[in-house]
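Some structures are shown below for you to check.
Two complexes come next, and they have one chain in common, chain A, joined by chain B in the first and chain C in the second.
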Partner chain A sequence: MADILLKNVCKKFDNGRSVVDDFNLNIADKEFIVFVGPSGCGKSTTLRMIAGLEDISEGELWIDGQLCNYVEARERGMSMVFQNYALYPNMTVYGNLAFALKIRKYPKQEVDKRVHEVARSLEIEHLLKRRPSDLSGGQKQRVAIGSAIIRKPKAFLMDEPLSNLDAKLRTQMRVEFAKLHKALGTTTIYVTHDQTEAMTLGTRIVVMKDGKVQQADTPERIYRYPANRFVAEFIGSPPMNILECCVGQENGQTVLLLDEEYDSRFSGKRRIYLKGTLAKCLFHRYMGKKVLMGIRPEDVCEYEEAVSGGFADSCAGFTKRVKLREVLGSEVVLYLEDKEKNFVARLKPENKNQAGDFVELFFNPEKIQVFDKDTEENVLL
Partner chain B sequence: MSRMADSMTISGNGNISREELQKLREMMNSRALAKRRMRTGLRAAANVMMAFVVLLPLLYAVSIAFMPSSELFTTELNLLPKHPTIDNFVDACRNIPLLRFVLNSFIMAGFITVGQIISCSLAAFAFSFLEFKGKGILFMLVMATMMVPGEATIISNYLTVGNLGLLDTYAVLIIPYLTSAMGIFLFRQFYMTFPVVLYESAKLDGCSNLRFIVKILTPLTKSAIGAMAVYTFINAWNMYMWPLLVTGSDSMRTVQIGISMLNSVDAQSITLMIAGVVLIIIPSISIFIIGQKQLIRGMFSGAVKG
Partner chain C sequence: MKTTGRMNVSPYFYLIPSLLVFAVFLFYPFFKTIYLSLFKTDKMGQAKLFVGFGNYAELLSSATFWNSLKVTWVFVVIVVFGGMFLGLVTAVLCNKAFPGIRVFSTAYALPMAIASSSAAMIFQIMLHPAVGIVNKLTGLDINWLNDPNTALYCVAILTAWLNSGINFLYFSAGLGNIDETIYERASVDGANGIQKFFSLTLPGLSPIMFYTFVVNIIQAFQSFGQIKILTEGGPNESTNVIVYSIYRDAFFNYRFGSAAAQSVILFIIIMLITLVMFRLEKKGVKY
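Showing the complex of A and B:
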């Protein structure tokens, strides 16, 4: 169990290229932190710096109140699960599990006891005499986890541990990870580029881009209140829709005027009436200016739902031609024609619109996020 | 048409015997089988012929070793001895202390092999797994030594070991060859294909570098070690110039010099010399046969990913 503090941590390579820039994060004991971001964003490098596999160029790493910048990897008390398992092919499963304990000169009986305990808990006791080459992907992953948990480390570091598994096994192992964290309560740092893993496993998610932390928060808050446009579009599948619009005032109320071509059929409906803090903020800082409005595909609905939700009058009717219709059983996803990229709506399965049809959609004003057009930061955060 | 009807009857009855089925299959496949057999036969014949051509000098040497001198020096072509004798081997062993030379060569080649495997694998480990400043330049320097011919340094090396008072000892035969740039290069190339994640995992498990080499790296790079061992042993066994320069007494000479001692100006006997040569190539051929699998695997490993 450990508290981990990263203070202004930077990683620069010899050629001057910066991979991680001014990384600040305080990880509390027993937390399950997930680093998520696109390839090359520095999430694995940060994890490797915590593990001691990479030197820290600048900044400080504190583990349990001890400055660990120059502490050897083996003395940091971390254990790591790698993407490609990193099992020693010349040893049996037993040998792999026992290796770390043998190095630490644990008595033979204690080693044997712990190996069997861990193997039993991971349901790999029958595999103890086999070599890694005789195991399936899922079994190898279990052995890798076993090797990590057997020496009761201060923290688990996991570097995309599920990306080599097939979709079904990945879901199964994800549940196992969650169970394991609940049972052991060990601080865990988990790196992934899969947002489903991030959302389901993490007690907190750190979204990274170009070596910088974009947002570190709970999965719910990251999803509902993304700090900037990148987070909004990165988290969530399909991603959040972003539309350019103008802040204005109508009947004493702050409105977002959709920057659309005029359509006589739906005149008078192309504005969203805002309330509360967002309205106040936009009124004071962005009146008459252009902003970016973000809305999640599931917060887009048809007229009937907007009426039952009570926001049909306070919201614009957004008319678009359907480009593609995807039926997913529990929902229908419509891809609509838009200027630059897809506008996506996730609707109820009863929706009957086909490709080529015009559809009028409504936004729930309470679910709208607004971003500054220049900085792309959330205006409320 | 009638055969077709027969087979249909057979399958219709459902009581075809194993032999009948086999016969039917053979009949149907006989043409393809004949073609395949012919191709295999031709290939085998070509291989045997090539092997014979390549091995001819060696086989002829073995044949000469069993020939009395009188049979060799005739105008006729005597490929095989008419009156085989082992006198040449007995004389070779009697004229020079051949067994002593073989022992010396074994000691020298054995120590050089073990020494090179240890030193080269450690150096290659540093060049492939450790990060330190000037790694690239240092490796280039090591590689550059391969461009200096051994003959260019032989005098200075001789003077050095002479000043150290090491002449005519096992140490002088062994120490200058305890490492080699070629060995470092070979091991490094092999280690480059080794998954670095295993090293990182071992480090996190608390493993020291030396322990990693002994417990994980060495067992997993047996083929590279085998290849290196065969290559080094044969090279050391065949060394001539350096042992000739630094050894003076019979008790320290190696086999290659011993063979040249059979070539006396006063009494030159080709059969005697060839018998000596046949005797001394036995150990190096044995080493090659034992390690050939490792040698081939080691030389080609890393060439293709997978």
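Showing the complex of A and C:
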């Protein structure tokens, strides 16, 4: 079990290219932290710096109160699961599991006991005599996890461990990871580019882009209150819709005026009445200015739902032509024509709109996020 | 199903060119050697008197032949283990990326491009008792190539160095095939450099090491040029390896029958060792 603290950590390569820039994070004991971001954002490099496989160019890495910048990987007490499993091909499953204990000169009986315990818990006891080349992807993954947990490390480091598995097995192993963390309570740092893994596994998620931390928070808060436009669009599938609008005032209330063509066939007011902190913030800082409004596809609804939700009067009727309709059983996803990209709405399965139809949609004002047009940062965070 | 005669015969026509080459340069000399080993020959190498296994019996009762076998054994052991050790060490040293790596790699692979006779000439000068650099540097006064205690080692070490170039290439290729992430995992698992070398590198090299071992043994048995130039089997037969003994019997003593019998024995020894090696491969090669 370990507390891990990263202070202003940077990674620069010899050619001066910076991969990780001013990374700050305090990981508490027993946390399950997920680093998520697009390819090349520096998440694996950060993990490797924590493991001791990459040098830290600047900044400090503290593990359990000890400065570890110059501590060898083998002395950091971590376990790592690699993307390609990194099983020792010349050893049997037993040898792979026992390796970390054998080199620490554990008594033979203790090694044997622990190997069988771990193998039993991961249901790979019948594979102990096989070599990695005789195992399936899922079995290799279990052996890799077994090798990591067998010596009860300070923390688990996992570098995209599920990316080589098929979709079904990935879901199954995801559940196993969650169970494992619950059972062992070991601090875990998990790297992935799959946001479903990030959302389901992490107690906290660190969203990264171009070597910088964009936001580090709980999955719920990252989803509901993204720190900037990048996080808003990266987390969530389909991503958050972003619309340009203008902040104004009407009847003494702050409103967002949608920058859209008015369609006389519909009764939409093209404005959203805001309340609370967001209204105050926009009134003071953005009155008359353009901002970016973000709304999740599931927070978009039709008139009836807006009425029952009590926000039909305070919200614009947003009118668009349906480009594509996807029926997913439990919901209908409509892709609507927009200036630059798709506007997506997740509606109830009763919706009957087809491609080419015009549809009037309403936004729940309480679920709206507003971003500065220039900095693209969330105005409230 | 009925097949036409033309279909049965035609594949063999395609084999004729290679069969011809094999027949002229391999099969004929091979069977001719076995044939000659059963005869006493004249000075022109023509079989004159059938003696059956007489040549073999004579060899097996000859102290010179047994000495030659012993010398060959020592020579092969030094050449194979020395050459493989040098190749392995240099390959491991060059397995990391650092400035000037190409210069080192070229230097370590260079012996493979040097003719054994040229290398022998260089060594002859280096080991010269009066002007040689070895004596100058060590401050010793040893006649390396004329002393029966040192001559064999000198020739064997030269041959090991010559073989180390190709071994370096084999091992470098083998090291390149070992997945880098298993070393990273071993580092995180707590292994130090020596543990990684013995637990991962050596087993990882076992397939290429087996191949290199077999090739090195065969090469070592067939070494000739450097012995011819440096010692000519002497002093006092201390470097008279079996191949040089065959050469001397055939082309100095004109005893082609005895030389052929030695060749057959050498063939049997190499064949047996190779067969044993392939048997052991199944146990020793890890994956």
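Definition applied: the second predicted complex is superposed on the first by the 377 of 381 C-alpha atoms of A that agree within 3 Å, B and C clash if a C-alpha of one lies under 4 Å from a C-alpha of the other, contacts with A are read in each partner's own complex, and residues count from 1 in each chain.
Methods note: a residue touches a chain if its C-beta (ideal position, glycine included) is under 8 Å from a C-beta of that chain, and two chains touch if they have at least 3 such contacts.
Nothing here was measured: the structure is a model prediction, and the numbers come from that model.
Model built by superposing both complexes on chain A: chain B and chain C clash.
In the superposition on chain A, A:74 makes contact with both chain B and chain C. When the shared chain is aligned, no partner comes close enough to touch A:39: not chain B, not chain C. After overlaying the two complexes on the shared chain, residue contacts for A:103 are found with chain B and with chain C alike.
More residues of chain A lie in touch with C than with the remaining chain of the pair chain B and chain C. In the superposition on chain A, contact of A:131 is made with chain C only, not with chain B.
Using the contact criterion defined above for the overlaid structures, shared-chain residue A:90 touches chain B and also reaches chain C.
On chain A, the surface patch touched by chain B in one complex and by chain C in the other comprises residues 51-53, 73-74, 78-80, 82, 84, 86, 88-90, 99-100, 103-104, 147, 151. Residues 195, 197-198, 200-207, 211, 216, 219-220 of chain B are the ones that touch chain A when the two sit in their complex.
On chain C, the positions that touch chain A within their shared complex are 179, 181-182, 184-192, 195, 199-200, 203-204, 206, 286-287.
In the complex of the two chains, the chain A residues touching chain C come out as 51-53, 72-76, 78-80, 82, 84, 86-91, 99-100, 103-104, 131, 133, 147, 151, 157. Interface residues of chain A facing chain B in the complex, by the touch rule stated above, are 51-53, 73-74, 78-80, 82, 84, 86, 88-90, 99-100, 103-104, 147, 151.
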